[in-house]
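Would you mind keeping the following structure in view while I ask a few things?
By written order: A, B, C, D and E. Residues from 1 in each chain.
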Amino acid sequence: GCGNDSPASADPAGTAVPALDPANPVTVKVINTSTAFNVALAKDYGFFRKYGLDIQESQLANGTQVLAALQGGSGEIGYADLYAGINAKAQGFDIKLVANNNTNAEEFPILVKADGPIKSPADLAGRSIALPPVPQHTVNLRGFLKSNGVDPNAVKYTIVQSQSAAPQALAGGSVDAFFGQWIQAYSNEGQPGAYDFRVLGDPDSSKWSNLKATTAAFWVTGDWLKDPKNQAVAYAFDKALHASYVWFKTLKPEQLQPILLRYQKTDLQKITGNDPKKVHNLLTNTQTGPFDFDATQSWYQLGLEYAPDKIQKGVDLRQLVYGSALQPAPELIQPPENPS
Amino acid sequence: MPDTIVTGTEAREAERKPPASGIRPVGRARRNARRYFRSRVSGWTLVALVVVLWELYSNVDYDPTISSPSRIAETWWGEATTGDLLNQLTITLRTMAEALALAVPLGVGIGFLMGRSQVIWGLLEPLVEILRLTPATAILPIYILFLGLGDQMKVAVFLTGGIFPMIINSYAGARGVSKILSETAQTFRLSWLQTQREIALPFAMPYILVGMRQSLGMSLVLAVVIGMLAGNDGIGYYLMFAQQNFNLRQLLAGVLTVAFVGYVFNAVFLLLERRVTRWRRSQTGAA
Amino acid sequence: MTSTTEAQAAALTGGVHQEIITVEGAGKDYLALDGNVVRGLSPVDLTIERGAFVSLVGRSGCGKSTFLRLVAGLEKPTSGTIRIGTERVDGPPDSARYVFQNYNESLLPWRTVGDNIRFGLRHGHGAARASSKAQENELIQEHLEEVGLGGTFNRYPGELSGGMQQRVAIARALAALPELLLLDEPFSAVDALSRSTLQDLILRIWQEHGLTVLFVTHDIEEALYLSQRVIVLREKGGGVERDVTVDIPYPRRQVDFREDPRYLRLRREVLGLVLGTE
Amino acid sequence: MPDTIVTGTEAREAERKPPASGIRPVGRARRNARRYFRSRVSGWTLVALVVVLWELYSNVDYDPTISSPSRIAETWWGEATTGDLLNQLTITLRTMAEALALAVPLGVGIGFLMGRSQVIWGLLEPLVEILRLTPATAILPIYILFLGLGDQMKVAVFLTGGIFPMIINSYAGARGVSKILSETAQTFRLSWLQTQREIALPFAMPYILVGMRQSLGMSLVLAVVIGMLAGNDGIGYYLMFAQQNFNLRQLLAGVLTVAFVGYVFNAVFLLLERRVTRWRRSQTGAA
Amino acid sequence: MTSTTEAQAAALTGGVHQEIITVEGAGKDYLALDGNVVRGLSPVDLTIERGAFVSLVGRSGCGKSTFLRLVAGLEKPTSGTIRIGTERVDGPPDSARYVFQNYNESLLPWRTVGDNIRFGLRHGHGAARASSKAQENELIQEHLEEVGLGGTFNRYPGELSGGMQQRVAIARALAALPELLLLDEPFSAVDALSRSTLQDLILRIWQEHGLTVLFVTHDIEEALYLSQRVIVLREKGGGVERDVTVDIPYPRRQVDFREDPRYLRLRREVLGLVLGTE
């Protein structure tokens, strides 16, 4: 790669960029997608302030809208899928990835009716599966099918944008399975007053994807980055965010319980019974270390292979990533503040 | 030479008798309101029936998506007292009020002027129709690009979504002014402005009010939709949150709250409408 | 002009008194929008025999239209009762047709003149009067020609002159061939010649079909020329002032009638009552 | 005795002269259409102006979010000829036609009956108003549960979203029947059904048509929104796809196609409306 | 009744011929919705002097209203021109007010009777007639009393009888004090007594303020009693049949006038023209 246009990308440690002054925090407008609480958490526990940032968060329904909002200047840093970023870049938007955030989850639940006719992945041939429209779900679903020995082309895909409507589509019988989230799986597995679903096949995503690849991240516009002060903000943002994740991953289920209740109105105990495996599946796909070019490139390739109509070709990842996202994982620190 | 005016007991007596077609006692807001609600009793009974059947059904075959009325009521009570529901509702209503404060004069104004001036009609019709037929939610990114994420954007989406019933109805009303009233205005040499104020506007008022009531409803629905797509507060955000967390009971409690608030607004508006178009009672044969 | 029918003769001579309209203390107070009660008509007692031709005269606002509306069942009396035949009026009776004072608003503006008459034919009293569409059209054309509107079949009411609209309304009511015909100033907008033609038309139909006619007019000479009884109402809804019998036999002729000394005496009497010089 | 009817050259001459207020030549669809489009020329000029300014601006300062008219046109052409746009549009229009085939009789029927019968009004008003004020998109899961993901669900969402302008306008029209026309119906002893068919329906027709035109627009907008939320084909799906791919040019090409199709429908409908309410021309003073 | 003003005298005696209305070959063909052309009025040549009182009579549908509408600038002539003073009519002239034949539809239904008169006052010809609201209300009350509607200030037009509505329309036009008053069958719905009161009211206002009045009526006696000239129109838009000068001086008195031999001669002449017996 030739990162000439982004000088800082040659500076993974960010030594050329001065740290911000926590006593005089810089106000930054961050746009998140709905219901993600990562930014709020890091803010409330003082991670951002420690690195000199005062975050004002707002939320939009999807990554496309977030990137449009960055372009219009109503936000400075925004959260979107890697594929959304790639598509935006390919369409001529000048954007940069400033902090990698997610990898694929280790496991993905494909849900079917517990008492339904589908007992194994092989039964999915010729059936229809509901999934959200975001390209990464198509890629993962096809990956899952292939690694479970089903021909991805033998399955009918049904798009349901509204995530919460997928269980109804399955319960009402208009689809035979759906590509869901663990929270849907756990809350409909033998819970009273819930649908009776179960998880199908082997959900291990390392079978088809590289778990070091970045699948979603925080982005800024090239224009914004031209200001040296903003470059410092980018570095600080990545550090603070990753520091909050380093701490978060150390939390025990009983410590997580009040946090999830507060931010997601989710009763972790009730849904998972504090089963560590379930807790893990619900919460850990955040990254703390530097952006991995090779792994992410392979994820990009996988996308081009599985969803060629949804993902644009020819974007150079090295031109997409800013140096702040290349910083090493921070040390564990305890939260500087406690919101309660 | 005054006409025979009967007052006192005789008048009261006349009122007690069933009023003749088209003529009703007026000015007694209380009695009005009573009759008003009385006549809908059957409808509310129907609604109650639906609720009871739903409750019974959910005892036999519970479905988490539609939950049951009692559980929804319970959730609602919790959300209203200790939760965030009423706060978020207030926020939404504030935005809605802002949007309507802009949309009403604009919508009524544009529609009315289009109906009263062939030139303005010709000039604006294509633009208005194209905007009316452009789904605001589809081009939300463009709104966000230009107007950001704040109230401005929300108000703009309201406008492009909720203003059209007012435009179309005001237009229809303004165009419908009877020939002879127009001619009366002409022969009394009313200026253009006077004609609008004294003839066309009162004439179009019943239409305009119908449009406003429709816009009121649509803007409430839009408030929810926008909130779900791009909100950081308000009832739409609340609902989206419930949806994302798969808390359908909370979702239904929220939706029903919205519908009920809308219903009350609508009822108040209808009472106002009756006052404003009081004179029509001797003109229309409406029962 | 042919002679009167039996029923009419009976009504006149007092032979078989068969009441068609019985009014017992019926009066009307309106409740106006400003909250006041307005006297429309003081309680009235009255009977009208089947087959009679009765006119109502009186000053503007005296309650003539109110009386007609009460008989037509369009307004509920605030006191008393009205019976048509033996049945209490509690809605428009089957046998009556009404030509409204505001005739222009009572035509169906979305139908052509011909179709307005068709409306009268189809919603007539008694059996259908035409068995085929062609026959119906012929009948309509006849009715139009009777009121001097031969060439207007396909025009819309809004395209006619005031007097022409009024004649359409009359033709429509006649097409329905009612037993009881209520006419509220039906000739107010037509010229003198049309007026006398229409007067004689109504008289002819009255006699041919033995209808009962209640006729409101401001033209006292017209009232006397047409009717067997002229009821004079008192100002401002004051009720019946005088019930004048016009004891002049039919057929009456426009010119001769107006020279009849009985007519001249009655004319002076009624004019005096209305103009208040008595 | 026919009135003086002038024919031949004289008639043609009279037509060439500017028609008097309210009275216009009719029955010549071609000339009608010409005048019809002529009068909107100014408006289309305005639209063209906006497009030209946008093009010029995008040459100076290109913004990929709003793209430029020429690029959008290029994309549109590509999509229309080799792409999927027109296919998807056809699918959407088919669903829409199905929905309208149901919604029109239902909406007009309910609104009209509510306007003509106090009992039906009392019975249905609460239910109708509550449904009107319930955002269909918020309770989409419930629709999906009961109706699945197919056309049935889409039609139901259309219904609950697009039927209300027809209900409200038909209601207003049916209630507005003038007192004297009602009385005419009564004295001619029309049965309830005859009164509706021969008096109330023609009277309410102008209102009903306004409502239908609004519903037409709304159902088009809804078709897009539903397609975006839960669709596997149709223009909504196409647009969602474009949004996901960040292909805003494709998105705009799609949205503008929808708006244009809607505009044409609307214009055709307006022509029909003019025919049906031809008689009104001698009644209203509209220029 | 006072004597005529100077202008009126001049108009009568032929002293200073100052035309207010000049009609040159003006005619009107309507294009009906069925595609046919309907003759409203054949081309007419006519002048009317300032201050004149001119009546138009003729059979229903002969073009009286059409003529008034042409003069009022509500209808464009299909041939010829009309001038008011020296200006060509191309829209309603400032100086004219019109009482429509369908008076009931021309009142503002959303305003009370008083406010309908206020409408006339506020949109009058010339300077405002009231300087304060109180004075205005007084003036309104006076106007109402003049037409016998003293107690109806707060009622709505829809709550009045037909004749009462008609009188509101007259009072509204009079309140505007126009130079040119166009009256289309203004007394068609009122009783005999009201009619003669209103006739004398119009005559008084005509004389006091020197207006020009164009008056359409079907009552030939009324036309003769009121006017200096009676223009008889030919059937079916046939244009002017005869222009009759009523050479009887004002003041005229209701009873005496009707015994004047000149009146009786003219009456016979005009009746003959209208009834077609000549």
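Operating definition for what follows: a residue touches a chain if its C-beta (ideal position, glycine included) is under 8 Å from a C-beta of that chain, and two chains touch if they have at least 3 such contacts.
Chain by chain, the UniProt names read as follows: C, E = NitT/TauT family transport system ATP-binding protein.
Remember, predicted model here, so these are calculated numbers, not experimental data.
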- Item | subunit D and subunit A - chains in contact with each | B
- Item | Smallest count of steps, each to a touching chain, taking subunit B to subunit E | 1
- Query: From subunit C, which chain is the farthest off, judged by mean CA positions?
  - Reply: A
- At the largest C-alpha centroid distance from subunit E we find chain A
- Counting only C-beta pairs in contact, which pair of chains has the most of them? B-D
- Query: What whole-Å value do you get for the distance between subunit D and subunit E if each is reduced to the mean of its CA atoms?
  - Reply: 47
- Message: Measuring centre to centre with CA averages, how many angstrom lie between subunit C and subunit E?
- Response: 29
- Message: How many angstrom lie between the centres of subunit A and subunit C, each centre taken as the mean Cα position?
- Response: 86
- Mark out which residues of subunit A touch at least two other chains, giving numbers and ranges. 64, 68, 71-72, 162, 164, 167-168, 171
- Task: Find every residue in subunit C that makes contact with two or more other chains and list them.
- Result: 30, 32-33, 36, 38, 61, 74, 102, 105, 148, 156, 159
- Shared-contact residues (touching 2 or more other chains) in subunit D: 3, 5, 21, 23, 63, 65, 141-142, 145, 178, 180-181, 183, 228, 243, 248, 279-280, 282-283
- Chain pairs that touch, by label, are A-B, A-D, B-C, B-D, B-E, C-D, C-E, D-E
- Message: Can you tell me which positions in subunit A touch subunit B when the two form their complex?
- Response: 31, 34-35, 57-61, 64-65, 68-69, 71-75, 162-164, 167-168, 171, 183-184, 187, 193-195, 264-266
- Taking the complex as given, what residues does subunit D use to touch subunit C? 1-3, 5, 23, 178, 180-181, 183-184, 186-190, 194, 198-199, 202-203, 205, 279-280, 282-283
- Query: Which positions of subunit C touch subunit E when the two form their complex?
  - Reply: 30, 32-34, 36, 38, 57-62, 64-65, 101-102, 104-105, 112, 148, 154-156, 159-164, 167, 184-185, 188-195, 218-220, 271, 274-276
- Query: Which positions of subunit E touch subunit B when the two form their complex?
  - Reply: 72-74, 91-92, 94, 96-98, 100, 102, 105-106, 108-111, 119-120, 123, 125, 145, 148, 150-152, 156, 158-159, 176
- Query: Residues of subunit D touching subunit E in their complex?
  - Reply: 3-7, 10-11, 14-15, 17-21, 23-27, 278-279, 281-282
